Structure formats: C-alpha cells, structure tokens
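Naming follows writing order (A, B, C, D, E, F, G, H, I, J, K and L), and every chain is counted from residue 1.
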Amino acid sequence: MRVQVLHGPNLNLLGQREPDVYGHVTLDDINEMLDAEAKTLGIELRKSQSNSEGDLVDAIHDAAGWADAMIINPAAYTHTSVALRDAVAASEFPVIEVHLSNVFAREDFRHHSFIAPVAVGQISGFGKDSYRLALHAVKGIVES
Amino acid sequence: MRVQVLHGPNLNLLGQREPDVYGHVTLDDINEMLDAEAKTLGIELRKSQSNSEGDLVDAIHDAAGWADAMIINPAAYTHTSVALRDAVAASEFPVIEVHLSNVFAREDFRHHSFIAPVAVGQISGFGKDSYRLALHAVKGIVES
Amino acid sequence: MRVQVLHGPNLNLLGQREPDVYGHVTLDDINEMLDAEAKTLGIELRKSQSNSEGDLVDAIHDAAGWADAMIINPAAYTHTSVALRDAVAASEFPVIEVHLSNVFAREDFRHHSFIAPVAVGQISGFGKDSYRLALHAVKGIVES
Amino acid sequence: MRVQVLHGPNLNLLGQREPDVYGHVTLDDINEMLDAEAKTLGIELRKSQSNSEGDLVDAIHDAAGWADAMIINPAAYTHTSVALRDAVAASEFPVIEVHLSNVFAREDFRHHSFIAPVAVGQISGFGKDSYRLALHAVKGIVES
Amino acid sequence: MRVQVLHGPNLNLLGQREPDVYGHVTLDDINEMLDAEAKTLGIELRKSQSNSEGDLVDAIHDAAGWADAMIINPAAYTHTSVALRDAVAASEFPVIEVHLSNVFAREDFRHHSFIAPVAVGQISGFGKDSYRLALHAVKGIVES
Amino acid sequence: MRVQVLHGPNLNLLGQREPDVYGHVTLDDINEMLDAEAKTLGIELRKSQSNSEGDLVDAIHDAAGWADAMIINPAAYTHTSVALRDAVAASEFPVIEVHLSNVFAREDFRHHSFIAPVAVGQISGFGKDSYRLALHAVKGIVES
Amino acid sequence: MRVQVLHGPNLNLLGQREPDVYGHVTLDDINEMLDAEAKTLGIELRKSQSNSEGDLVDAIHDAAGWADAMIINPAAYTHTSVALRDAVAASEFPVIEVHLSNVFAREDFRHHSFIAPVAVGQISGFGKDSYRLALHAVKGIVES
Amino acid sequence: MRVQVLHGPNLNLLGQREPDVYGHVTLDDINEMLDAEAKTLGIELRKSQSNSEGDLVDAIHDAAGWADAMIINPAAYTHTSVALRDAVAASEFPVIEVHLSNVFAREDFRHHSFIAPVAVGQISGFGKDSYRLALHAVKGIVES
Amino acid sequence: MRVQVLHGPNLNLLGQREPDVYGHVTLDDINEMLDAEAKTLGIELRKSQSNSEGDLVDAIHDAAGWADAMIINPAAYTHTSVALRDAVAASEFPVIEVHLSNVFAREDFRHHSFIAPVAVGQISGFGKDSYRLALHAVKGIVES
Amino acid sequence: MRVQVLHGPNLNLLGQREPDVYGHVTLDDINEMLDAEAKTLGIELRKSQSNSEGDLVDAIHDAAGWADAMIINPAAYTHTSVALRDAVAASEFPVIEVHLSNVFAREDFRHHSFIAPVAVGQISGFGKDSYRLALHAVKGIVES
Amino acid sequence: MRVQVLHGPNLNLLGQREPDVYGHVTLDDINEMLDAEAKTLGIELRKSQSNSEGDLVDAIHDAAGWADAMIINPAAYTHTSVALRDAVAASEFPVIEVHLSNVFAREDFRHHSFIAPVAVGQISGFGKDSYRLALHAVKGIVES
Amino acid sequence: MRVQVLHGPNLNLLGQREPDVYGHVTLDDINEMLDAEAKTLGIELRKSQSNSEGDLVDAIHDAAGWADAMIINPAAYTHTSVALRDAVAASEFPVIEVHLSNVFAREDFRHHSFIAPVAVGQISGFGKDSYRLALHAVKGIVES
C-alpha cells in the first residue's frame, strides 16, 4: 500500500515560530512519526510540502499511478482553492483531509473547506495525531 | 482510562433501514467493535444512545466524575442544538465529535456544527471507522 | 390500510386557549373527526401527540412495521428539527405534512420546513380539514 | 357552488413530454377527473390554462361575480409574479394554491411562493390528486 | 406637449374591490382628473392600462415618436420586471414613476423598484394625487 | 394652512459647490421659490436647515402645535437616522419626504430610507421642483 | 400572587463547573434567594429545571390555571426553540425572560431570541440578580 | 437541420435607439446575417421576436416537432423568468442562450440567468456575432 | 452612591403624544419616580435628556469622576450609534441599558443594539418600571 | 493575426480521467483541432497550460507585444483569482473566456467569474467546440 | 499650505482612560506633535475636535476657503455617517482619513468606512504616527 | 534597520500599461525612490516582486532572520489569499500593508483584505507615496 502525504502552505514553519500556538512539533517530526507509523502498518510513504497552489495541484496529478491513497493538509488553501478541489475530485485514489488545529474554533473563513466535499473524510484538531489517525483511516479504506 | 460514547438521534436505526445509504452496519456492530478496540487499548467504555436532545444533555452531565473523555456522534443535533454545545463546553473532559458520513458532501445545513467549536476535534466520513479512530484519538489526548 | 397520525408540540392546547386564533376545535375533536373519516375510508388509525422532539422521533421509529403511511403535523418542530427530518427520511412509509394554519402568511421563520423536502407532500391552511384531506391523500398514495 | 380552475405556464405540456418526471397524465386527464369529481360534489366548474402572466391576471379578474372559489396552479409564476399575488389578494373569493410536485424537494428558487401568503391554503406533491383534494377543500371552505 | 400615461396590472380593479384599502376612486376617475388637469396645463394626453408585462413594453415602444414624456404606474411589475426597465431605459422621453400607496410602508418586496433607477423621479403615497403631481412634474421637466 | 420645511445636512452648500452635480440652485433660491408658491396656495411657511441630527429632531418637535404639515429633505440622515424616523412617527401632522436627486440611481446605501415608511409619501428626482410638488401635495392632503 | 420559575438546559450545573465564567452561585442558591425575596413580596413560588425542550413546554402548559406569571431562563433554547416560543405565546399569564450573562456580549448566535418577541420583557446580564429583578418586575405587572 | 431563433423583449428596438450602446445593427440585420449563414451551413431557419413572456413560452412549445435546435436571446427575461426556464427544460431539442452584450460587465441583477442551467451552453458579448457563433455551435451539437 | 440617568432622543415627548402607544407617563413622571426610589435606596441622582448623539456622548464623558454608575435609555441611538457605544466602553463605571418597550417585539432594525455588548446588562419591556428595576440593579452591582 | 491560447489548472488531465464527465478528448486533441482551425482562418497560434495562478499571470504578461488576442480557459481560477482578472484587465488585446462544461449547471461557486467582467465575452458548455467558436469570435473581433 | 485637522467623537478622552488600549498619548500630545511637524514642513495648522456629527459636518464646511487639505479621524462616525461622507465628497480640498488603531483587527462593524471611498487615502494602525504620516501625505498631494 | 519590500502580482506592469489609470511611474521608479529614502533614513532595503502566491509566501518566510520589518503590497492577493495572511501572521517582524490606489473607491471585492487584520497598519491611496510613508512608519515602529 502506497500513500502520498501532502503538506500545504506555511507548514514548513511548524515548530519554529509561534510555538505557543502550534506547539514545538516540526514538520520533520511529523514526517518521522508518519514514517515510523507507516512501517508498522506496512505502508510505503512519500511526503512533500509546498507553499504554491499550483505545485500542490501538480503533486496530486503526479501521485496518480503510484499512490493508493493521499493524506492532504491543505492549510490555507483549504478555504480558497477550487483548483485543489478539482485536482482532488479528478484523482482516482481516496483523499483524506487533515488539520492540526480545530479549524471550527478559529475565524469564520476557516469554517468552509472547498476540499471536504470531494474528500473521503476529514480529521481535524488532534495536532500531529491528525496525520497518524489519517494513516489508520487510509489503511481501513484501502483494505476494505 | 474511561470513555463515554454517546450516539445521537436516529442512530438506533443503523443497518435496519436505508442500507444502501448507511450500509449494513448496526449500532450493535459499532458498539461491539468499540468494546473490542477499547479492550486492546486498555480503555473502559460506556455507551448510550438517545433520540432526545434533553437526554443527551443529561448524559453529558452524568458522565462527569466518571469519564476521562467522551466520543459523541450528535447526528441531527449537530446542526441545531445549542443545548448540547453548552453541555459539551461545560464538561471538564475532552469531547471528540464523530460522523459516519462526510457531512460536507451532504445538504448545506449539515455543513454547520454547533458542537465543533467546543469539541477537541472532529472525525467524519469513515463509517464505523470514525468511532475507532476517535478511540485512538482519545487515547492520544488523555495520555499526553 | 393503517395510518399513524402524529401531532407535534402545543397541539394539545388546541381549542382551550387563543380560540380567536386557532378556533374552538380541540385535538379530541380532530381525532374524532379523523376516526369517523378513517372508518368511511376503511383505514385503521393510531394517533399520538407529544411536545418532545425526541418522543416524536421515537414515534416515527415505532410506526415502522405497523403503519402503511403517516400524517404528521410537526408544528414548531417543522422549522427547527433536523432530527425529525432524518426520522421521516429514514421511514419506509410515505409521510404527509399538514398544518392547521397557512404557515406562509405568518412569521418568516415559519416559511421554512425541514420536513417538507422529505415528505411526499404538504397540506396547509385548511384548519382541521388539513388532516381530513391528508387522510384522502394517503388513501390515494397507498392504493396507487 | 361554482369554482374556477386556473392552470399556469407549461402545464399544457403535461403528459406529452418528460413523462418520467411528470408522469403520463395530461391536462385533459386532470380536467376530466375534476369534472367527474365536481359532479359528485355538486360543483359547477370552469377551467382554463395560459402561459401568459397577464392572461392569468385577467382570468382572476374575470372570475369575479361568477366564481365562489378558485383553484390555481401558478406553476413557474408562483415564484416570480407579484401581479398574480395582487390579483389573488384583490379577489373576493377564496383561492387555493396547488402544485403537482413537491416544490420543496426541488431547486431553492421554487421554495418561495408569492401566492401562498394571500391564498387560503396550499396543497402540493400529490400529482393530479393535488387538484382533487383542492376541490374537496373548496367545498369545506365555501360551505362552512 | 404630449404625455402618455401607462397604468400597470390590477389597476383596472381600482375602486371596485378592497375600497377600504384603495379607496373608492376608480381608474376612470383618475383618467378624468388627469384629462381635466392636462387641459389646464395645455398637455395632450393618452392613457392605457394592461395586466400584461409584454403589452406594457409594447406600449412604451409605441409611445416613441408621439410622446414628449411618460407617466407610468408599473404596480406589481415595479418589483419584478427587468423588461419594463429596459424599455424605459431605451425610451428617449423622460419617464416618471408613480404609486398610489406608499410602497415603503408595505411588504419588503415592494421596497425595491427595477424602474426607479432609470426613471427621472418617483412620486408615491398620495393616492390619485400622485398622478396629478406627476403631470406637473412632467411640465417642469419638458419645459426646462 | 401652515407648513414647516426642514432641510437636512449639507443642503446649505447647494449651488456653491459641485454645481455640475447639484446645479446652480442655492438653498435660498429654493426657499424663495417656496415662499412664492406658498403665497399663491395660501400657505404660511417656516423653513430651517441643520447639519445636526439632534437639531432636526428638535425642529420636528418644535413644529408641533404650529404646523399643519411638514416637508422634509432628510438628505444623508434619510439612510441612517432612526431618531428622525421616531420623531416623524411621533408627529401628529403629515410629513412628506423629498429629495432633489433620484436617490435610486445612486449608491446602494441611498436606496433605503428610514423615513419613508412613516412619511405620507415620497417625491424624489425633480430638483427644486421636488419641493414645489410637495407643497402641492401638502395642500391636497391637508384639505382633503 | 403565584409565580412559576422555569430554569432551562444546563442551569443545573451552575456553580459546579466553570466557576470562573458563571461564578460560584448554584441553582439552589438562586432558588433560595428567590424564595426569600418572594416571601418579602408576598409571592408564592414554584421552581423547576429541565434540560429537555419538551419538558419545558409541558411545564409552561402545566402552569396554566395556577400561575399569575412566569419567569423563564430559557438558556440555550432561547436561540433554537420555536416550540417554547409557541408555548409562551399561548400562555395567558405574562412571561419574563431572564439571562444570567449578557447574551449580547457573547457569540452571534446568542443575540437572537425566539422568546423575546412574545415575552413581556427581558432582563439579562445581572447574574442571579436578573432573577430577583424579574420578581420585582412581575409584581409590578400583575399588580398594575 | 432546422433551427428556431427566438429574440426576447426590447430586441425589436435594436439599432433604432441608444445606438451608442447597442450599435447600429438592427434586428433585421441580424436576421439577414443569420439567413445567409444558415444557407451556407445547410440549416433551415425560423425567427421570431416577442416582448411577452407568455408568447415566448408558446413559441418554445410550438417549435417542438419542427426544430432540431433553438437559439434564444431571452434578454430581460433571462433574469426573471422561471416560466421560460421550465419551457426550455421541457423542450426535447438543445437550446443555446446568446446575449449581444457581456452581461457580466453590467448591473448585478444581470449576472444571474434562470435559463443558463437548463441550456446547453451560453455565448455572450460578441454583438451580432453571438448569434452567428451559436449557429455554428448548433451545427456541432446536432451533427455530433 | 451616585447614578447618572441619561434619556435619549424623543423621550422628551413621552406622555404628550401617541399616548395609546407609550402611555400617559411623562418623562417628568419617570424622573420623579426615580428620585423617590433613589431616596429610598440612598442613591444620589442626576438626570438629563437630549436628542443629540453628540450631547449624549458629552454627557457620558461628563459623568466621569462623579457617577458610580449610569442608566441609559439610548432610544433610537441604540440601533445606530457607534459613538455612544465607544463612549460607554470608555467609561469606567458600569452602564445599564433600559428600554420602555419590548424592542424585540418591534421592527427588525430595533433588535440590534450597539450598546448592549458594552453595557453590563439590559432591561426592556417594563415601561417606566424598566428604569426602577435598573436602579435596583445598579445598587446590586455597585455594592457587590 | 496571432492568438495566444491559455489553458488553466487541471486541464492537462483532460481525457485521461473521469472520461464519463469530461469525455475522451485530451488537451492535445484540443490543441490539434485548434491548430487545424487556425490554419484555415489564417491565424498563428501559441498554446500553453499551467496549474499555477502565477504562471498564468506571467503568461498573460508575456503575450503582450506578440498576441492580437487571447483565448483563456481559466478553469478553477475563474472563480477565485483576482490576480488573473487584473492581468486580463491590464492586457491591451481582447480576451475571450471559454469553458468546456456549462458552469451554470454545476455547483453555485462556479456561477461567479472574476474574469467575465473584464473579458470581451464568454463561451461555455460546448466541449472542445467552445475553443473553436472562440477562435471564430476572435477573428470577428480583431478584423472588425 | 494650510491644513485642517479634525478629530471625531471620544478622541477627547485619549490617554485619560483605557490607557492599556489606547496608550498614554493625549489629544494634546497629538496636537503638539502635529504643530511641531507642521512647522518643519512649512504647514499652517488648525485643529478641532467634536463629539457631534453635525458639528463635524459644519467644521468641514467652514474649512472651505481656508484649508488646502484636511486630515480627519472620523472615529465612530467612520462607520455610521453618510452626512460626513457627503460633506467630504462636497469639499474641494483633498481629505485624508486616519485611524489610531488597526480598524481591520477589531469588530466587524469597524471594517466598513463611509468616508474611505470619498477620501484620497487612508492611514490606520500607527497610533499618533498615523497623523504624522498623514501630514507628510498631505504635503505630497498638495505639492504634486 | 533592515526592511524587506514585497510587490505582489501585476505590479511589474506599472507604468507600461494603463498609464491613465496607474500613472507613468514604473516599479523601478518606486524601487529607486525607496532606495533613496531608505538611505536618508539609515535603512537597508531588499525588494522583490512576484506574480505567484506561493513565491510571495516563500519570500515572507525567507525574510525571517534578516528583516526587522516588511512592507507588502499584496495587490490582487490582498483579497483572496489566506496563505499570505498566515505567512504574515507567522512572521515575527511587523508588516505594513500598502496600496497605490484607494481600494475602497473601487469594486466591492477589493474592500476586503485578508492581510489587514494581521498587519500592523494599512496605507492606501497615495500612489508611490504610499510606499514612502510606509518606510517612515516602519522607522517609527521599529525604533519605538
């Protein structure tokens, strides 16, 4: 089973700044945790991050043919990108949307997701555990 | 670790009707799966279901003193109940909101949750696996 | 042919108060009229009233297996209850929504019905005759 | 007792096209059914159909002095015509609004009716039976 | 100076029905009053009424070449007709919008006028005097 | 017959600035025109102008006992002043709202008037003639 | 003079949790204070609390015949319950709406009250004193 | 191949008035251009214009049985007519919506089209060329 | 204890006009009642009224240093004045908002208060008793 | 005559996935069809595709000096990109907006185009023919 | 070069109260800073403050003939005053809008400015430096 | 003191096209002016421009560690980019938002800024002087 993990804009900053808000976990920490968990679950993992909407669209296209599923944290593009939505909708593998924070407890404009209606499901609010749970969810979906 | 699971209105019908929509899984199946998973995770579980908003509020109150965390599928009351929201906000244990279906892929009025802003996080769209993932999430939250 | 009639909140007050608004007809009068009319049409009738959203949801669940159709006056819950909507949508028998008064000639919040889109049809504005017409409508639907 | 029945725009097409949506019943079938039912009820009937908003307004004016009541299916003009609303409001006989389909289960713009607040009541969703029930409703109103 | 007066839908009913609302003045009374006043002001008058949006558009087109100005009471079409608006905007003579009643003291949907932005001005609330004042306004505009 | 004329904020600037927008007519010109016209109609006139919402409210109060009617051009306060609306509603004489320009052909926020629903009627778009027509309207109202 | 006091959902938790938000006053403290104050004012008091919308509707019905007035803190149901509104509207005694906190200083959805338009008046923001003031208000209303 | 061309309200005025806005092209010019182009493409053409919503609905009905496709410029009715929408939706031939001007560069109320969702496609902004392109589009659709 | 009472626009008219709406109580009656009540409660009182938003802002500024609390009936400015809100927010003494009538039972624009979120609490609907209750509320707040 | 064709995000996927929705036509097919058609019309063509909003803005800038006109299918960026809008508005050549599908028959958020008001015109719903028609439109515009 | 500085409502309180919010800078401090800076720039300065909307309108009128430019901090009236907007629009000198705080980081109702569209530009968020920068901006505008 | 200046999309076109709208000032002119002004103020400057949202996010990240402050003209991305907002919010240096034109005097969608609430302040409408003033503002902020 092969899973592509896609980290959206500003996630490269994790742990470096605003640690009181986002904690001290870095994107590397998340990726390492995911690698370890994936190993346990027998999942092959690819991970990438980009601040560019277009690059993220490219990355979804490029995952086709390789990935059995995708975990995406669209971050800010969750709320503004129809292009990402169309790429997700066009993909043939299941896509799971994750968020570190509880987006519904933040500003109003973060309550709407262009991605959610075309994703399989959504996990938000559990910090880096959102990703780990998504990996388990993926396993359940692909194997069912 | 003790966890209260709360099933909202109409979930008692699961598996009996509209199987093409909600699948053949019954609420008993979900509860049995949860019991098994909880055993593995060393979690003590209580489960209840009600179609009444007031009874669900009561159930949240009653869990105080016993539960370390709560998993709630507020179902229809997700979108209409400020009373449930206030009960969740008043509880001292973490509450996780789950949904069987992807509520964002359904009618507009299901996109808004009164519970989400006062819950720790939200898991939706993975069928009965939404509950199983929530159990794992609870373990992560309570033990951290 | 068996039909369940469900009266929603505050309908138990009919005829006792605000007679200038709702007339002098009581809920008993309506039930008696329905019994008489049902007899003529060869319909077996059950009737119940509740002020509780949860009890009304239960009543819809309980009608399954017995009723061939349901006539419901959701009253105030028409405008606020997704739980009732989900129960109606999950029922396998046809449901007809009735209102004594013309809800469209009243406050704005009474113009929206959560029930209407999942009911077969809607009859409103004819006083107790709304129920009688619904009984005739039921006969047409079930026999067709 | 004399009743004017008014059929709005596109209803002349009934049964000829989109039979999978509107069924095979034609406007003639409906009119014949109404004639038969009216005979039973001792009601004298006039029926007309027009695709023109202005003609429908004229028809309401012309019914004055002859009709004791009116049954109107305003079809598309339900949602756009203040002129029809004003004509109905100015009429001295009771007017009943009927719809073949359940307008609340269709597009959002069909959920609003300019006619409903000035009609006596509304019957929708029962196919040609909507008209038949309206005839019975008329009898109840005029004779009460 | 030649002025076309255009009366919109349902105005033919004036004085005949709902006299408690619209008074006992008939459309003939208004036209006679206008004829008398026009004579005094040296204005040649044409008057017509229609319940049809299309006929009113035609009437505006037909006034071209003859009329120096138009007084229009668009009645219900005030709030719904872009076609009338386009006809008024395309006319080369000044158009004055009049209303018998104070439309701003009535239902919300009567507060918006498609005609007002393309008319010269608006006079509302003075009963038949709205027309008389419009005639004086016309004189002022055309002679200035 | 005694009529109070009230000019709202910025009207003291008329004719002095932006003559291409508001023309070369000054407030003095309007007042002189009104005096002349009032003389003809046998009307006694008082006129005042203020840029202060509170002073205008005072002026409406002060007119009580003297005035038989009021002509008010609330200018900018038309769109923002509930205080003026309440003063107008509390007055026992009829109030007519006038505007020099066609407010409906300007910015959206000028389309709403807090005064209109409590005034007798509204005349807008005829330049200083709006006032003259209002004087004639007043005469019609008070004498009827 | 007899007054029914009705406490809505989650008010049974008062003083036990979130003391930094709601203070250390318990519902028992409020009821004792009310009893003492009522004694002074010569008022007979009944008090009840429920988390169920339906039970609160029942309680309003049951107060009929006994109570001269009602003080209700509808809590969360303030914002969502048309059923409570209808019950209040149908009651023949005056009803006063109270809130412990200043609901207008909280989330937007708490700014709207379905009860307020059908209550006599509203007192909010004074903690337990809101109830005490309501008792005085009741006395004023019933005795006037 | 037979194509019905339908011109909506006010289009009969083309070229005669407001030439600075709509140019000097008349409806006859457009029809002649269409005849010439149709000849080249081997298409038989019928053309009609009406200012009446009802007549346009009739025209769509009448085209059934003869036309293989329709080109409609609904003009003002684009934005207000559900009746036209229903007629287009009920037609069995493909319908193409054209506009002379770029409706999206005009007033807000012109941005919404009731026709667009039930038409095959939409061409706007190319002056009389909008019609010519529509003829080519029709050929592509019918022959594919 | 010293309390400033501030009466907003049009309140000087109380009892003089529209007695059927506002009753026969005058502002002097209210002030006398307040003086008497204040004496009983050991409160020193200052009272003023103004129709000017700016004067009311000044009055709030001027109360600083003298007043321990303020009772304000902002009347029409409740719904339109950010300036009053800012003055209240900047004051260091508690401010209580009162209304004679139940503002929630009146026009929609009266349901929103700019003052409420920055006041301590709100009392509305009890006629002159609203002021008296506010005096008691003040005592509770300042002494607690 | 030189025309730049710009294909927006996800259009590189055409024909490869979701063939039941978008058909089997690939972007290469469209480009080849355009080359052939351009040759016939004597038009020199450049084509490019990008998933990146910024690259598309760059491409519009780069076309300046070379292109006489542009055909753009902004795809998802139609609905979200003010940057593209500004680039189109700043270009000196005419720009035509095309869409393969009928965007008005899809989700609500696809009904709004930031590009449309600054483009010459819009062609949507004709599959690859939308591009071919745009080429003809371009010819008409540039040569006129 | 002569510049009028206008301070809006509540700004007279600066530095005296809520120093944690607005800092310890008083209006006198700002005026002294402005005097010093103006001297350096060769600008003659007049400054005034008022809590009254009408007085501020008067002040704008009075500046005509003397001032070459105006700096205005409309404070609360920014969001509610069309009268100020009209006065600014009618002025012949350039007007610059300043705010001490970042209004866009505060309540929603502070995000809208009636003044901004008719001012030259807007400077907000820099404390008293907002005024100093405005003085420099004025110099740039008047001298260019 | 080191300041990063960031120019958003389409600003590379400045001065080359639409000179009647944006003037003849080029981006190079602005940068040269900024270099000169910075020299005077003892500020070290870096400047960059991009049409890509992702590149601008990268640039904000890259400025960390070097810059003491940032001046950003987000241009079109002001209104659509949550990604830029998040990057600005995550930056540890103060950010000032500038606009050449008065965005509040343009289309409605330009009135909302995702950046403003997380920036220190906003300067708009002064052409290239907006940048110069921002440099002075930066100096004030960093040195205070």
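Basically, a residue touches a chain if its C-beta (ideal position, glycine included) is under 8 Å from a C-beta of that chain, and two chains touch if they have at least 3 such contacts.
Note that this is a predicted model, so its numbers are computed, not measured.
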{"item": "Shared chain contacts [chain F and chain K, defined touch]", "value": "I"}
{"item": "Magnitude of the superposing rotation for chain B and chain L (Cα, nearest 5°)", "value": "120"}
{"item": "Chain B and chain I, separation of their C-alpha mean positions in angstrom", "value": "47"}
{"item": "Whole-Å gap between the CA centroids of chain E and chain F", "value": "23"}
{"item": "Whole-Å gap separating chain G and chain H, where each centre is the average of the chain's CA atoms", "value": "63"}
{"item": "Overlap residues in chain I, where contacts from two or more other chains coincide", "value": "52-55, 80"}
{"item": "All pairs of touching chains, each written as two labels joined by a dash", "value": "A-B, A-J, A-L, B-C, B-G, C-D, C-G, D-E, D-H, E-F, E-H, F-I, F-K, G-I, H-J, I-K, J-L, K-L"}
{"item": "Chain A-facing residues of chain B, complex", "value": "102, 104-105, 111-113, 116-126, 129-130, 132-133, 136-137, 140-141"}
{"item": "Chain G-facing residues of chain C, complex", "value": "8-10, 12-13, 17-18, 50-55, 75-77, 79-80, 109-110"}
{"item": "Parts of chain H lying in touch with chain D, wherever the complex brings them together", "value": "52-55, 57-58, 61, 64, 80-83, 85-87, 89-92, 114"}
